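Two complexes come next, and they have one chain in common, subunit A, joined by subunit B in the first and subunit C in the second.
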Partner chain A sequence: MTESALPRSPAPARRPGAAVRFWHSYRAHRAGLLGLGALTLIAAVALLAPLLADEDVRKVTGAPGDPLEPPSAAFWLGTDQFGRPLLGLLVWGARISLTVGLLAAGMSVAIGALVGIAAGHYGGWFATVLMRVTDWFLVMPTLVLAIVLATVMSRSVWTVIIAIGVTSWPTTARLVRAQTVAVESRPYIERAKALGGGHRHIMSRHVLPNVMPLVLAQTTLGISAAILTEATLAFLGLGDPMVVSWGGMLQEAREAGAVSSGHWWCLAPPGLAIAVVALAFTLCGRTIETVLDPRRGVDR
Partner chain B sequence: MVAEPSESRARARPWMCAVAALLVLAPAAPSAAPSGGGRQVLTVAVSQSVDSLSPFLAKRLVSTTVHRLAYEYLTNYDPGDGRVIPGLATAWKSSPSKLTWTYTIRENSRWSDGRRATADDAAWTFNRMMSDEKAAAANGSFTANFREVTAPDPRTLVVELKKPQANMVALDIPIVPRHVWERIGDLSAFNNDRHFPIVGNGPFVITGFEVDQFIRLEPNKDFWRGAPAFDELLLKFYKDGDAAVAALRKGEVSFVQGLVPAQAAALRRTADIRVNDAPGRRFLALAVNPGARARNGRAFGTGHRALRDPAVRRALFHAVDRREIVEGLFQGHATEGAGYIPPRFGAYFWRPEPHQEIAHDPARAAALLDGAGYRRKGDGVRTGKNGEPLALRLLCHAADPYDAHIGRYLHEVWRELGVETRMECRDNVSDSWLKGDYDLAFDGWSVNPDPDFVLSIHTCAALPATPSGSGSTDNFICDRRFDELYARQIAEYDPVKRAEVVKRMQSRLYDTGLMNVLAYPNAVEAYRTDHIESITTMPEDGGSLWGQDGYWSWWSAKPADGHGRSGEAASATEVVVGIGALIAAAAVLTGLVALRRRATADDRE
Partner chain C sequence: MASPRAHLLYTAGRLGGAAVSLLAVLVTGFFLFRIVPGDPVRALTRGTPTTAGQLDALRHQFGLDLPLWRQFTDYCAKALTGDLGVSYQFRAPVGELIAQKAPATLLLTGVAVVLYSAIGLWIGARAAWRHGGPGDRVHTGVALALWSVPSFWLGLLLITVFAVGAGPVPGLFPTGGMSTGTESGLAHAVDVTHHLVLPVVTLVAVGYAQTLLVMRSSLLDEMGGDYLTTARAKGLRDSAVRRRHAVPNALLPTVTMVFINLGHVAAGSILVETVFSWPGLGGLFYQALSVPDLPLVQGLFLVFAGAMIVMNLLADLLCPLLDPRVAR
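Coming up: the complex of A and B.
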């Protein structure tokens, strides 16, 4: 071990090994690979949207087709009530759904991790207060709270992100707190304290890395929930009406009377897209959770 | 009530609509009023919430429609050509001074509790509106100019005016029974929706009401013009258009209005359903906030300063192609907007002269903004000399698909022009509206045969007394020239001359650029021919059924053979659940996979 001569700790050297080991375990899960494949494909579509579909596809002025045309050679998925090709809208909608999903889940997990670690580390009355607040958010129906938030704030993508982010963190907070308490009871934390490690040092250097796998898995799972909530809010007409999103496409189809008129091609593609993305994130999240499960000794 | 906010400016409580939308996912069809077996029920799907069932307070179209059915007005309008015909009054004449009107009240009209309806009831109704500000909330503009109203005998009603008033034969005020209403102290707190049946003398009697569920009406057997043929008229509330259409397909309702083009096209291909697509009496306009003001001169609200410049207003509407709105967004179910009063009222319809017309001309629009000092760098947003960007808020009704669609169109054409718009879609737009907290807003009124009311809401007198008060003003317009013309038209008894003045008023309103009529939407409605055998439209030739000026459609409707003989209650709306199911399916699927994964993960340990 020549590295031991270097001033750095051995941890960074161990990281690549950990990543490779992680990938080896992940690869063993077929469902996880399937989810990952689907996600890569959808992410590529979202990133390449400007190349795949003309930017003007979102414009209601000068739309190429007639309103509500069924699928044809010219319009593979048919057109919406403005005569816009649905395939193009679906491609652009992927951007919003993924952005909102990632940011909202990130925000939710960030809040959850912060509250969880703080409550787990400090304990006492501070933790009691924090966890009672968490409980309060936990018993509030997320969707109703998000609807209220989206109603009182102005209609925009950020509103939806915030509405989802601030309502869905309590589960993460509870999980992270439990893990924090478990980690802090270990002897090396006591050792760190004895050597003069302050609150910040312990939380950021010892607790956070240990709860990270949990947080990561929770984020991946949170994304699919966030995407579903975004679609629900947009479907209920609480999204930004100017933005093309999958939930918004469903809402517009409903407003245009697609349901009672039998225009299935307006409803099925965005609905299936939402289902596929949510499923893909769930598959990945579950696999990551299994692979990183602290009880299995990986990345300890 | 001469006109009422068509898409209800005051649309329920804040997140009421969100809740309503949730119901789409589990659309417990309003626990329908129990209707007995063998009765022939005419069920009408409505979406607008009732504001009040008190004739002194009600402004919305659904409420005033019910009042037309439940109370007699002095006069009515002929279903054929819309001319004034007798209602509670059989004859009327004005004195040579034009200041005294004498009405002869009919002897054969009875209240539903058996008493005779007399001139005294009419006099009491008008006097109450003149003496009690709370009673003037909805229809006060009719009686503001009355000096004295008396009933020398049960058959004679005499109205003395302060100044001549041209709409005296079109007083759309429900006459209420004095013996019931004089017991009510505070009219602003009384909604007339507690004790059923509600005493009235119209073709129907209101026998039941549940907020946002149903209004039940039963025929008035003693109605002087003849009793309606159906055993019951049930107005059932559907907050979702597609749910109402599904109910129509199932036969759960007999009539649906407010259809969007796809629904109308699909229903045209359906057996036993007739689609009626008729010119409406509504206009859809974009109202500009000219800077909200109260009568005491105090300015309030947050209207954008740039909109006080007429050149900016002209520029905005030079960029709009009304033809594209009608053909693209309404798909032909509307007429291109021109003057303030819809073409259906031919005598008053006005169209701008070529020299004043704000026609579609984007280049002109850009030049006007350049000239007004709003320059743009590259493709960005134009900024004024003071550096303020030309970014406007557009107030829209969250539940109205057309608002959102047109808003999108405007957003795009104005962006080309260098003007940024942000849509603020609310379930309840009234709050922002009354406070003047908007720049542009979607506005629409149903116009009645006499145009006085829709004109009166743009006069200075309609402004609120103080910033916190609420006047009857539409969008805070106060224009001296318009007011002068308003005073002339209301005093002009010669119909031809009056129409001339009304046209000049529209011309003036058009030139201000504060009310921009985009389209006159058609009334697109459908009914089941196996429920309704015949029904009268208004005008009889190619007219509409819902929101008529009179009560003709529901009074004249004849049941089809076999309707109502068998139980035909079915739960509709499964179709609507479909969309919800798509989302729900995703949730369930991920949940199942999650469970499975968790299970296998546990097994491995």
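Coming up: the complex of A and C.
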């Protein structure tokens, strides 16, 4: 082979090619494509919410319909107890669900990656302490901790994001640490050290790009967990009461007696929306995992 | 076989780790609930006219007038003897309240965990054995879809359809609670079972995917093993190879998973218990949150975290018995 005789181009130049190869393998998984399609659609709905549904839809006063109307031509999904069209609320709720999901998962994975890389790189007593803290978070009942945090802080979207973010990072930290230790045992790290590369250079230029794929898969899977937790917190009345969210819609419907009066159309859409988004992220995450590491993923 | 010494060291290490975790939980339990903004005594007496003297008396009664370090040492000493303080809203010892509600949670989560572990193991083993086939795809897909469903929503839907009755479906099950409370003996057991159906179905539907996926992937790891070829070469039937050779080897991660789940469900049943008005710890936690009744929330936090630690410990201690390589 002639290629192997030539020096390979530096890693940053090879990365676009890697992205194309990644997409080619990703495309072979139908479940992953399905998830990606669903996500694109939902993201588009969330971004275009002001065009699809009037902003006034969130106002309790002057709602266009009668309370608890069943689905009709005017209100495709019916109305809630204030007479607000459910479809419009659903469209606006997508924003909160996605925002909290993305930011909370991003925060959790950022903490996890930071702790994992630091523990894996420095080793010694520093790593021991970090991993003890991680283990301790790992045995905490995550939901209970998140609920308690959301209770003691003020009601806002940021509270929910922080409560989810700081309680769900330990799994990522463990995975990233293991990967970091594996990467650091390779000869090119020794070469970088010999050439005078400092701690920060090695962590950011050599370790981080190598753990990035793992981090990406973790983030995608983390988003669906975060979305479910967000809905749970909102359902328990711990969300921001000023913002329309899917979990909050379910809580309001329950409090308005939709369950005992059999108004299933108030209950079905928000829950279904949560499930579809969570499932779509899970499908994408599992597919990414399979493509990056066929031994760990779905088909193995 | 692992040497007895290695086994002993392993056990001691795990016990020590669990003890440290329990202590950490105790400390967290204290400080987490001291950062709560607002005055619990004021929240408690909201709506009733109280004098400053009465407020002080209440503060003294709950020990809130002491310096923080004294509160902490008192709290640790009491918690270690099983005294978790007095609930603000029920005016009863927290330990007593928890003991009262624990059996209901144990019944609900116990039945649910046994069922979903069994279902997950059974389907997971079958899916892995024929992996990539249509059965595998359908089972994994359905499990993942149900896993994405919020448990409280599924509970609400089940109540609307099967308890209240929707369209042609009559109300088959009670909407909530644990019993109607009139019968005794066998009739009572039947009544409780009747109340148990919908919450258990909810927990099982949402939870079995995890067991299924772990069982499936650990069995897939065993599939290439030479010992399976040997077993087949001996002329064993396919189902016997699976049941007697492959599955026992794949059980280890799944058993760990089941125990960790047992620790989780106590906390995880908060929503299902709330939705079905099940008189257990999860429902109590929800009630305590809405006040907020700090001693009760704190006590339940300790119980939920303690359950996790104990179950993790049990899983760790059980593993070397199933697979001697673990303790080596």
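FYI, the second predicted complex is superposed on the first by the 283 of 300 C-alpha atoms of A that agree within 3 Å, B and C clash if a C-alpha of one lies under 4 Å from a C-alpha of the other, contacts with A are read in each partner's own complex, and residues count from 1 in each chain.
The rule we apply is simple: contacts are C-beta pairs under 8 Å (C-beta built on N, C-alpha and C of every residue); 3 or more make two chains touch, one makes a residue touch a chain.
In this text the structure is predicted, and so the values were computed from the model without any measurement.
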item: Fit or clash between subunit C and subunit B when superposed on subunit A; value: clash
item: Partner chain in contact with A:228 - subunit B first, subunit C second, else both or neither; value: both
item: Subunit A: partner with more touched residues, subunit B or subunit C; value: B
item: Which superposed partner A:141 touches (first subunit B, second subunit C, both, neither); value: second
item: Touched partner set for A:54, first subunit B, second subunit C, both or neither; value: neither
item: Partner chain(s) touched by A:81 [first = subunit B, second = subunit C, both, neither]; value: first
item: Which superposed partner A:271 touches (first subunit B, second subunit C, both, neither); value: both
item: First (subunit B), second (subunit C), both or neither touched by A:283; value: both
item: Subunit B clash site on subunit C (candidates 171-179, 225-233 or 315-323); value: 171-179
item: Doubly contacted subunit A residues - partners subunit C and subunit B; value: 31, 147-148, 151-152, 154, 224, 228, 231-232, 235-237, 247, 250, 254, 258-263, 267-268, 271, 274-275, 278-279, 282-283, 286
item: Sites on subunit A touched by subunit B in the complex; value: 31, 59-61, 63, 67-68, 81-83, 147-148, 151-152, 154-155, 221, 224, 228, 231-232, 235-238, 241-242, 247, 250, 253-263, 267-268, 271-272, 274-275, 278-279, 282-283, 286-287, 289-290, 293, 295-296
item: Interface residues, subunit C side, partner subunit A - complex; value: 17, 21, 24-25, 28, 32-33, 35-37, 131-132, 140-141, 144-145, 147-150, 152-154, 156-157, 159-161, 164-166, 175, 217, 220-221, 263-264, 266-268, 270-271, 274-275, 285-286, 289-290, 292, 297, 300-301, 304-305, 308-309, 312
item: Subunit B residues touching subunit A - in the complex, by the definition given at the top; value: 14-15, 17-18, 21-22, 24, 240-242, 245-246, 249, 259-263, 265-266, 324, 328-329, 331, 398-399, 401, 404-405, 407-409, 411-413, 422-425, 427, 575-576, 578-579, 582-583, 585-587, 589-590, 593-594, 597-598, 601, 604-605
item: Residues on subunit A engaged by subunit C in the complex (per definition of touch); value: 31, 135-136, 139-141, 143-144, 147-148, 151-152, 154, 224, 228, 231-232, 235-237, 247, 250, 254, 258-264, 267-268, 270-271, 274-276, 278-279, 282-283, 286, 298-300
